[in-house]
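Presented sequentially are two complexes of chain A, the first with chain B as partner and the second with chain C.
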Partner chain A sequence: MSFDVKAIRRDFPILNETVHGKPLVYLDNAATTQKPQAVIDTIVDYYTHTNSNVHRGIHTLSQLATNQAENARHIVQKFLNAREDREIIFVRGCTEAMNLVAHSYGALHVNEGDEIIISAQEHHSNIVPWQMLCEEKKALLRIIPINDAGELLLDEYAKLLNERTKLVSVVHVSNTLGTINPIKEITAMAHKYGIPVFVDGAQAVAHFAVDVQDLDVDFYTFSGHKLYAPTGIGVLYGKAEWLEKMPPYHGGGAMIRSVSFEKTTYNELPFKFEAGTPHIEGVIALGAAIEYVWSIGLETISKYEDELLRYGTEQLSQIEGLRIIGTAAHKAGVLSFALADIHPHDVGTILDNDGIAIRTGHHCTQPLMERFGVPALNRASFAFYNTKEEIDALAAGLRKVVRMFVN
Partner chain B sequence: MTALEAQNLIVQEFSGYDDWEDKYRHIIKLGKDIPPMSDELHTEDNKVRGCQSQVWLHAEFNDGKVVFQGDSDAAIVKGLVALALRVYSHQTPQDIIATQPDFIQKIGLDTHLSPNRTNGFASMIKKIKTYGIAFSLLQQQA
Partner chain C sequence: MTTDLYQQIILEHSRNPRFLGVLTDAHTQAEEYNRLCGDRITVFVRMRGDVIEQAQFTGSACAIAKSSASLMMTLLQGKTIQEAMDLYNKFQEFLTQKTVNEQTNKTLELGELRALAGVREFPSRIKCALLPWKAMAKAVHPEGKC
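== the complex of A and B ==
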């Protein structure tokens, strides 16, 4: 394998930081990833040489900024293999994308007595917008259950689908369990009833190639900051036929064709859904992040990260009292565990003193915590700049935690 | 002993630990040693809002002194609760209001006071202070 992790690590300046005097071991990549120099440089270059508003002015800088931003849209189109650039809407992140679809699709298609299906794995951001919509429309939220390994029960899902179902919204990869869900199958089952499918790709796009045409999903979203890009920028993909029918989410500048006080006509896609001045340097830096990922290759990334996950699972399983939560056959990126009956807050505090960053808490998936009977969990999550040595450091740190708390 | 004197004692006690592991071991032990809080005091009202660890704080006003009881489901936080009780319990409302929890920083645990939403301990200090203010108002009315 032509993958040189030492060289890769040099691309991420933050990995040289020390925490409490120890080298940083950053294993909280599912919360947010670190940024390569190429992305940082893109932001600095933008403000040094290009800064200007987009789609507004005839002057040179505005055209430059517009070209760079639209080029980034094209990069995202290729990244997801969408049919057209106008199917790519820039949003703040997954959370905004879900609220947008809940609002704009919901306004059009969801009525009293209708049903929306989500799964037991969902992040709060893929629960709450639908709850709000259901409350407003007197519609019903139905939940696809999971087994003890953390896999969706497709038989149960099949039973939930009916002619009242208006949308299925599921996570591609669970941020808590790491489960990779069979999206193609889920989508095909929904499409038999003509029901559109929305997929939360927050934890998927950094780990393996996603092809929205192959999956045939109707909507797909991801957040840039979990893909080596800045915070505050994300993507909503939607099939043009849906996006065209949906009313706008926010009103304002850039999303209109003409405005009078009597009537406003909306701009075409994608601008109809991009009211106001966008996060321009975020958009451009997202393009740079995707190009960086391409320069390594998603296949190489998947292979390396799968090996990290396998090694991490093997090493952590040997620790007495450690129970891995989420043992699906297909997993990506995420290793969650309970450690004896030690509170994750204690685990995280001790590891932090050794420079090791993991996530502890409910991971914004409280229904899942309940399902597995834990108040909170510990989660290590991997990126391609992590190493087996860092996993060894985590294992050593956890053994120290056990020594300190169990006696 | 005033709250300030109690703080100074704690700072002295911790000056003996230069290794962070030993320091945390001591904190964990202090948490284990506090008298258990009875079940009926683990109420929603006594819960201090914190995202990750649960913290409970109960206050009573006896003979001009505020008496606190506290608990947490996380061991380190429970140790910090024990320290806070040593400083603020059995003190007058005025003393509680006037005394800042400087000892936390002095013993090198200020990360636990960060305004992080996951942090139940910082919220507990705030709640202790609020009780101080509330009981001093009660006193003035009486």
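== the complex of A and C ==
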């Protein structure tokens, strides 16, 4: 395997930082990833040479900016293997994509007595918009349960599907448990009833290749900032046949074809869903981030990260009193654990003092915390710039915590 | 240094909290919740006139919040509401002042609460230390004057 992690780390300037005098060990990649120099340079270049509004002007810079932004859309289309560029809608992130679909698809198709299915693994962003929609429409939210390993119970899911079901929305990879869900199966089962499926790919796209046509999902979303791109930019993929039928989400500039006070006609896809001036440098930098990921190769990334996860699981399992939460057969990127009865907040503070950044808290998945009977969890999450040495540092830090608190 | 934060007395109180448990004949109780980390502390108080005759707490929380609750409890018993609130204000000042003048420090009567001085260096943890105090203030001042 020609994977030189030392060379990779040089691409990420922030990895040279020290925290409390110690080298930064960044293991909070599921929250947000660090940015490679290529992405940082893209933003600087854009503001140094190109800055202009898109789809607005005939002047050179506006055309340059428009070309770069539309080129980024094409990169995303290839990245997800969507059929067409117009199936790629730029949004702020997963949260906005879910709200967009909840509003727009909800207005079109969800009525009193209808049902929407989500899973027990969902991030709050894939719970609350559906709850709000259900409340408004007097529809019902149904939940696919999980087993103790953190895997969806597909038999139970099969029982939930019926003629009243209007949408299934599930997470591809759980941000808390790391479980990779069998999306192809989930989609096939829903499609038997003609029900569309929305998949939250926030924790998936950085770890393995996603092919929306192969998965046959109807909607898919990811946030750029979890894929080495800036915050504030994300993607909603939707099958054109659905997006065509759905009403706009926000009204304003760019999403219209013509406006008069009597009647407004809407622009074509994707612009119908992109009201207002977009996050132009974010769009372009997202394209740069994807090209950076391609330059390493998602297969190489998956292989290396799987090895990190395997090593991390093995090392952490040896720590007395440590219980790993999320032991699915198929996992990616995430290692959550409880440490004896030590509160994660205390664990996080002590590790931080050694320069080690992990996530502690409820991970925006409070229903999951309840399911596993913990008020909060510790989570280490990996990116391809992490090393086994960093996992060793984490293990040593955790042993120190145990020494302080237990005995 | 985290050893300054997690002094022995704090670890000890967090392991064996004093006055822990539901107070069944409480006159008043209040819960405080830290949204960030999920810490939850409930304070129970039985009053005699304006005196806190007995106070106890329950909750699931980090070592800082738990030890702060336990230490608070050791100080609260038998205090008037006014005295309890004074103590709360002094403790709050103690945690948020950049430097504490030695002379005022001595007159603060915070006793073992001083062990929480290390929290000053960890701004994100000041909330934890104050969580049980907020619950106490809410319990004795239900109209929210705190």
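In the analysis below, the second predicted complex is superposed on the first by the 407 of 407 C-alpha atoms of A that agree within 3 Å, B and C clash if a C-alpha of one lies under 4 Å from a C-alpha of the other, contacts with A are read in each partner's own complex, and residues count from 1 in each chain.
To be clear about the criterion, contacts are C-beta pairs under 8 Å (C-beta built on N, C-alpha and C of every residue); 3 or more make two chains touch, one makes a residue touch a chain.
Everything quoted here is computed from the prediction, not taken from an experiment.
Participant: With the two structures overlaid on chain A, would chain B and chain C clash, or do they fit side by side?
Facilitator: clash
Participant: Examine A:His345 and indicate which partner it touches, taking first as chain B and second as chain C; both and neither are also allowed.
Facilitator: both
Participant: So, A:Gln34: does it touch chain B (first), chain C (second), both, or neither?
Facilitator: Once the two structures are laid over each other on A, A:Gln34 reaches no partner at all.
Participant: Give one of first, second, both or neither to describe whether A:Met369 is in contact with chain B, with chain C, with both, or with none.
Facilitator: Only chain C; A:Met369 stays clear of chain B.
Participant: If you stack the two complexes on chain A, which partner ends up touching A:Thr360: first (chain B), second (chain C), both, or neither?
Facilitator: both
Participant: May I ask you to decide whether A:Asn378 touches chain B, chain C, both, or neither, giving the answer as first, second, both or neither?
Facilitator: Neither chain B nor chain C is touched by A:Asn378.
Participant: After lining up the shared chain so the two structures overlap, which partner does A:Met404 touch, if you call chain B first and chain C second: first, second, both or neither?
Facilitator: Both partners, chain B and chain C.
Participant: Should A:Ser119 be classified as contacting the first partner (chain B), the second (chain C), both, or neither?
Facilitator: Neither chain B nor chain C is touched by A:Ser119.
Participant: Shared contact residues on chain A for chain B and chain C?
Facilitator: After superposing on chain A, chain A residues 342-346, 349-350, 353, 360-362, 375-376, 404-405 contact both chain B and chain C.
Participant: Using the touch definition up top, name the residues of chain C that touch chain A in the complex.
Facilitator: The contact residues of chain C facing chain A are 1-3, 5-6, 11, 15, 36-40, 60-64, 66, 122, 124-125, 128.
Participant: Quick one: which bits of chain B touch chain A in the complex? Just the residue numbers, please.
Facilitator: 20-21, 24-25, 28, 51-54, 73-77, 111, 118
Participant: Please output the residues of chain A touching chain B within their complex, sorted ascending.
Facilitator: For this pair, the touching residues of chain A are 20, 342-346, 348-350, 352-353, 360-362, 375-376, 400, 404-405.
Participant: Going by the contact rule set out above, which residues of chain A touch chain C in the complex?
Facilitator: My answer: residues 342-346, 349-350, 353, 360-362, 369, 375-376, 404-405.
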